[in-house]
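Once you scroll down, you'll see the structures, which are given as structure tokens.
Here subunit A shows up in two complexes: once beside subunit B, once beside subunit C.
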Partner chain A sequence: MSAPNCLRCLLQLRPSVALPRHLLVARSTAAIAIAWTAPFSTTTANNAKTGGGGSKDKTGGHIRAGKKIKLGKFKKNTTADRGKAPAPGERKAFRKKILLSNNNALPVPGLVDLTPEHMLDPQNAATVLSIPDAVVDQLRAVEAFKPTQCWGVFRKPSMLLRTETIDLMNRMKGAAKQKQTLRLVVTGDRITGKSMLLLQAMTHAFLNDWIVVNIPEGQELTTASTEYAAIPGSDPVRYMQQTYVLKLIQAIRKANEKVLSKLSTVQSHPELPQHIPVGSPLMQLANSAKEADNAWMIFQALWQELTARGRPPMLFALDGLSHIMKVSDYRSPAFELIHAHDLALVRLFVESLGGAGAFPNGGAVLAATSRGNSPRAPSMELALQQREAEQAKAADVPQPDPFFRGYDERVQAALRTVQVLKLSGISKLEARVLMEYWAASGILRTTVDESAVSEKWTLGGNGVVGEMERAALLTMRL
Partner chain B sequence: MPPRLNLWPTCRALAFRTRPANQWSQPCIAARARSFADRTSNNNNNNNTTSSQWPEHRNADIAAGLPPSMLSKSTTPEEIDAAGFTSTENEKALSQLQLVTYGLNPFDPAVDGHKYGLPDLPLPSEMHMKHRYDPAIVQFTKLLMQDGKLSKAQRDMAIILNYLRSSPPPKINPARPLVPGSPPASHLPLDPVSYLTLAIDSVAPLIRIRAYKGLAGGGASLDVPMPLAARQRRRTAFQWILDAVNKKKSKGSGRTMFPHRVAEEIVAVVEGRSSVWDKRHIVHKLGTSARANLNHQAFRRR
Partner chain C sequence: MASTANSLRLGLRGSSSQIARLQTGTRPSPPAAVAVALAAALRRRCLSTMPPRWAADGKDAEAPGELELEFSRNYANPGEFLADYLRKDTITRAERQQAARMLEQWKEAPAELQGQYEQLARNVYTQAAPLKRPVQPRKNSFWNAEEKDTDLITDEVGEDDFEEDDILSMGHGKLEEHREAREYSRVTVWEMPLLSKFAKPFVPPTGDEVLRFRYTTYMGEFHPADRKVVVEFCPKDLRSLTDAQQLKLKKLAGPRYNPEKDIIKMSCEIHEHQAQNKRHLGDMIDRMIATAKDPTDMFEDIPLDTRHHTFTVKPKFPKEWRMTEERRKELEAIRQEAFRLDEARRTGGGLVDGVVRIQEALAAPQAAAAELQPVMARRGGARPGKQNARPQPRR
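On to the complex of A and B.
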């Protein structure tokens, strides 16, 4: 080990050159002066005054630096300068980008646009039909398309009508006719088409001039990624998410412009900052939401107007149910975690799904579970299994595990009366129709015969649509 | 050691036959053949009753992938009786029709007993599990691979191919000619495998420069051009492309970002915008100047 100070200096007891001149008057005082000014100091201040000794490095002449190990001496600097970094939000925008058409794909002959009647007729099960352009814009506005779906490969957004689709559309129509609310949870294995079924329900609603309110991802509301604030005067305390609600109002306005432009307000809303008299167009109310500050108040007024008597039926949909059936990541002022059902917007959905806030004009409240990205929600899973068993009139309904403490009573109460639609694989006939559509688009380059259909159907885990897409479209064997 | 005395080997010579050996001598038609999932008891126990015949039909129908609506319509035993379907000729005709719906010739001897017929021999190479992908694609995928994660690399390659087939047809630069005999640009997007192979083959260098240390005298190395095999050429070209990709700025995030950058570079190669073309040019130029070194003393045959 090397000494921090130069031994030669210590032996000669030579005052450092750094010593100020006025302290060198008497030899007797030198020792004190030395002690006082710390002549062997390694401070950079002294070093700077003396001009750094005779050594090349700037650590000082008489200071022997320890052996320094230079790490990574032979490592090349591989990080090249890549210019300007992407702007905030740009990277996420790339990730969430949705392409809906591919001009290289062939136009499919005989492909017709959907009409309201198409989705109700059982004869149309196992047919592929395309979505009209106006509806595509509306669906885009409510963010019904997901980036993981294969829209960008085909010429025009088209979808397969499954037997479950026709079934659900008929139930929605029946409920709206009787001014009742269909409350249903779509569940099923991974990539069996749950979000797609929600999209089809929204398409049906848009085609029939319903009002559509869609929450595209439940997790955006509960992962503490958007602003929140306590609603003043609420007891027990509820929380509003103004920024998200503002975005939601804008989506509602954009998607439902055709319907909303014909409607006008029937109630006065004195609590709103902007005066909106009775009888003014509903678009004016929706347009008054410009800033996040009063967005929640305007949303409440809009909701009252939309659920007033004499309005068209409404579809309220949410994807990723398990995210709102748990304790959220938000914290109260006392730093306790907030239950998701205490967030006002989530509460509105949960009450509608649970049957507390029925729509007087009829409609549907649909939720879809997600298997790819979902936190474990034991109460929700149990409740859905129970409802499924009850619907099937099974002899043994699943019972809660008596040795498990993680159940949530609020979740069980919310899901006590919902209907459950469980999706699984498509039939071989539907698979054949779908593959014929792929082949007609020039995307699947094989003959679609019985063996090809059977192969993909089997590779896709007995007709799980997403797996079939992976096996046929997203493969290296094209 | 003396061999052990045992009676059992003699039993092998005995033959116990409880049923006639040629049970399947009659030609059996595919749709009537029992599949593994069917119940065996129906066939054995009550073979004569009409009720045993309708599950067989049903199984055949399910195997044919008919929709349940059509299933329920045609296969109740009463209706079958009423239509006189129970005779063997009718069954045979029905199953032959079934084969026609599969797209098979019912009178073809190869079809008999096989649900989808026999494959044509010799089997095409892509029917082999280990050769199911295009060889060039397999090579590129393994070059994409990091840390031995092949399935991740395969997904990346699938995304690259999907990007190529959804991007507009490339505008080919006449100054950067592609491999002769390449299809027109408008045909490329719908055949992404040949699009990718064409791009790589077009920028692939013909040679590499090998430096012989000290051969030039005075410690200087002697540069000599060496020809490359087709696989080596592709490898070099794809690694150049990956180098160019790593130098590019990432515009997004998520797992599709890297394959998208690679795909953009491949489009750039076909359109003649990529810097990989310059690399190829430099190597070829060096090779042209270094070919004089092939006459060096060291390489002459004695």
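On to the complex of A and C.
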């Protein structure tokens, strides 16, 4: 190793660089002090931007750097230009994007729009019908469509009316007629069409001018991803989720505009910051929710108005039930986990589902379980199994495991009187109709005969719709 | 650098006082005195690895009958030593008298005995001389490796050498195998038939014999597990118990109850003998039955705990899925019907074909496009004469 300092510089006690005076002055005094105080050093001088040893640039002409090993000098510069990174939220938006039509798909001849009567007639079981455009907008507003559903490969959003669909619609209709509330949980295996059945129920509600309130994902309320605050004066303490509620009010307003615009308030709401006199249109009340701060108050007022006597029937729906049937991820001020049923909005749904808050104008409270994304909720599972066994009048109703601790009494209580609709695979006739629709859209490139239907139906685990889609549509064997 | 052997060799020579202390009697007999003198003759050096023990100033030194022996030269016989000893003026009177008496005895001894003693002393000296010679390590030696260890306890050299007078150990092993086989053959032929006298016909257990014991034997060999006794019984077989009592018995059995087989299985090996362990188990079952019959607490608030047991579900091929001749016919009928339906649709035009559908769709818009092809026309009609007047692009 060569000496870091030039001998000449060491001999005379002066800054190692023979600099012109004006440069010396310009240089920071600290650097000079270092040069003065430590002329001897065992480390190689590390000059800023110096090319190498002995270079006579302005920083240090006489400072010789040691022999340096330059690693990877033959490597190419690997920092390739990757283009513009996606903006914040762009990736999520792409992931959650919902495409409802595809102009490359062929229009299906003879496809008719749904009418309110279509969904009630048992003759229409195993038919594919398209959703009217107005209803599509409403469904989109309440986020009834899911990104996992295959809307984006067809020309127009259409759906298969299953036997279960017709059955459920008739039950909803019957309940509304008798001013009763249908409280029902849709359950079943993965991708058997539970969310789709909820969507069909919402379609039915929109077609019949019901009021629809939809919580698209129960998960959004309990995974501590939205703001929350304790409701002042509540005992026991309940928590409101203002931002979410604001979004919900806006969704309700947008989706139910047709119905709400005809209605006006029947109660005075003195607690609201904005004065809304009795008889003012409901849209005005809904529109008054502009910011999250008073969203919960306005939501309560809106809820009171919507559940007042003489209103149209209401559908309250929620997907992903197991997320709200557990202890949430939120924390109380004492840093204890908050039970999901202590969140005010969740509580509203659970009470409606449990029968505590019945709708005076009739309607339905529907919940769908999710199998792809569902935390363990043993109480919910057990309750649903028990209800199912009770409905089927089975001899042995499943009993709770006496030595298992994970049961939740509140969940048991909430699901004590619900009805359960268990979805499984579709019949072969329904499968045939569905596959004919696929083929007519130009997506399924086979002749839809009995053998093809039978093949896909079997591949799809005895007609599980999602699995059939996977087997027929989502493979790249076009 | 002295080796261990060398130090041992040096340690053999005890100090004179130690040798003297070997004499315990007040009046040493002549042979003992002679031995002392011989030891003095053997003495060559005062070097010892043992710590020197200094004679105490007090009574020990004054003790009568104890000769203070200091050897400064080699003596050919005990007489020489005693004469030399008597010449000393440091010895006490008693010692002097004793020494004088011993010298008298020596002189009275026959000449040939004296000669033998002298010869013995000479022999000992000559034979011990090479041993006593100090071993000088050689100059070029490495760790004194060439030193011969003379103090080996056994002479192992050649112990394992095969002397060509025996068969190999493998042969011995083979012979042993033959012997064993023949022994068992003898047992088979002569002793086993006698066992048939003890044979009993199998009698299935009656309804009263509900306990099933299992014992372990290692054919007479001692084994820590041969004392173990296992008992199994089904609570349902205990007919004296009601259903509630049977349930309580199952709860009492805890993890020893197998809910799948409905069997309680217990074992005992705490006692030394099999019979004791069996007795213990019998007593335990008696107590359990007595407790189960006790109506004070029927454990109704405690559910039967089966957490210890893993229920294994063995999937079985369903009977309905079996391919019977009937089922074959049924399937054939279904297929025929499906084929008939498809044919009807094919002729009637109700069959949807994805490929055909795409082809139709691809053909249709082209036809439509051909019809609706916009015709580009100049305003004011075409003027062919002007076309040539357009300036050509320069090359």
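Just so it is clear, the second predicted complex is superposed on the first by the 395 of 478 C-alpha atoms of A that agree within 3 Å, B and C clash if a C-alpha of one lies under 4 Å from a C-alpha of the other, contacts with A are read in each partner's own complex, and residues count from 1 in each chain.
Keep in mind that, in the parts below, a residue touches a chain if its C-beta (ideal position, glycine included) is under 8 Å from a C-beta of that chain, and two chains touch if they have at least 3 such contacts.
This one's a predicted model, so the numbers in the text were calculated from it and none came from an experiment.
Novice: Looking at the overlay on subunit A, is there a clash between subunit B and subunit C, or do the two fit?
Specialist: Once subunit A is superposed (C-alpha atoms), there is a clash between subunit B and subunit C.
Novice: If we overlay the two complexes on their shared chain A, which of subunit B and subunit C does A:429 touch? Say first, second, both or neither.
Specialist: first
Novice: State whether A:451 touches subunit B only (first), subunit C only (second), both chains, or neither.
Specialist: A:451 contacts both subunit B and subunit C.
Novice: Please tell me which partner, subunit B or subunit C, touches more residues of subunit A.
Specialist: The partner with more contacted residues on subunit A is B.
Novice: Answer with first, second, both or neither: which of subunit B and subunit C does A:439 touch in the superposed model?
Specialist: A:439 contacts subunit C only, not subunit B.
Novice: I'd like to know which partner A:99 touches here: subunit B for first, subunit C for second, both or neither.
Specialist: First partner only.
Novice: Applying the document's definition of touch, where does A:90 land relative to subunit B and subunit C: first, second, both, or neither?
Specialist: Touch status of A:90: first partner only.
Novice: In the superposed arrangement, does A:137 touch subunit B (first), subunit C (second), both or neither?
Specialist: neither
Novice: Does the superposition put A:291 against subunit B (first), subunit C (second), both, or neither?
Specialist: Neither subunit B nor subunit C is touched by A:291.
Novice: Mind working out whether A:329 is in touch with subunit B, subunit C, both or neither, as first, second, both or neither?
Specialist: Touch status of A:329: no partner.
Novice: Taking the options 95-103, 131-139 or 275-283, which segment of subunit B carries the C-alpha atoms that clash with subunit C in the overlay?
Specialist: 95-103
Novice: Of all the subunit A residues, which ones make contact with subunit B and with subunit C?
Specialist: Of subunit A, residues 442-443, 449-451, 454 contact subunit B in one complex and subunit C in the other.
Novice: Which residues, counting only subunit A, touch subunit C once they are in their complex?
Specialist: 106, 402-403, 436, 438-440, 442-451, 454
Novice: Which stretch or stretches of subunit C touch subunit A in the complex?
Specialist: These residues of subunit C touch subunit A: 303, 305, 307, 335, 338-339, 341-342, 345, 351-355, 357-358, 361.
Novice: Okay, in this complex, where on subunit A does subunit B touch?
Specialist: Touching subunit B from subunit A are residues 80, 82-86, 90-95, 99, 102-105, 125-126, 152-153, 427-429, 431-432, 442-443, 449-451, 453-454, 473-478.
Novice: If we count contacts the way the header does, which residues on subunit B are in touch with subunit A in the complex?
Specialist: 64-68, 101-103, 116, 126, 132-134, 137, 141, 154-155, 157-159, 161-162, 165-169, 189-193, 247-254, 256-257
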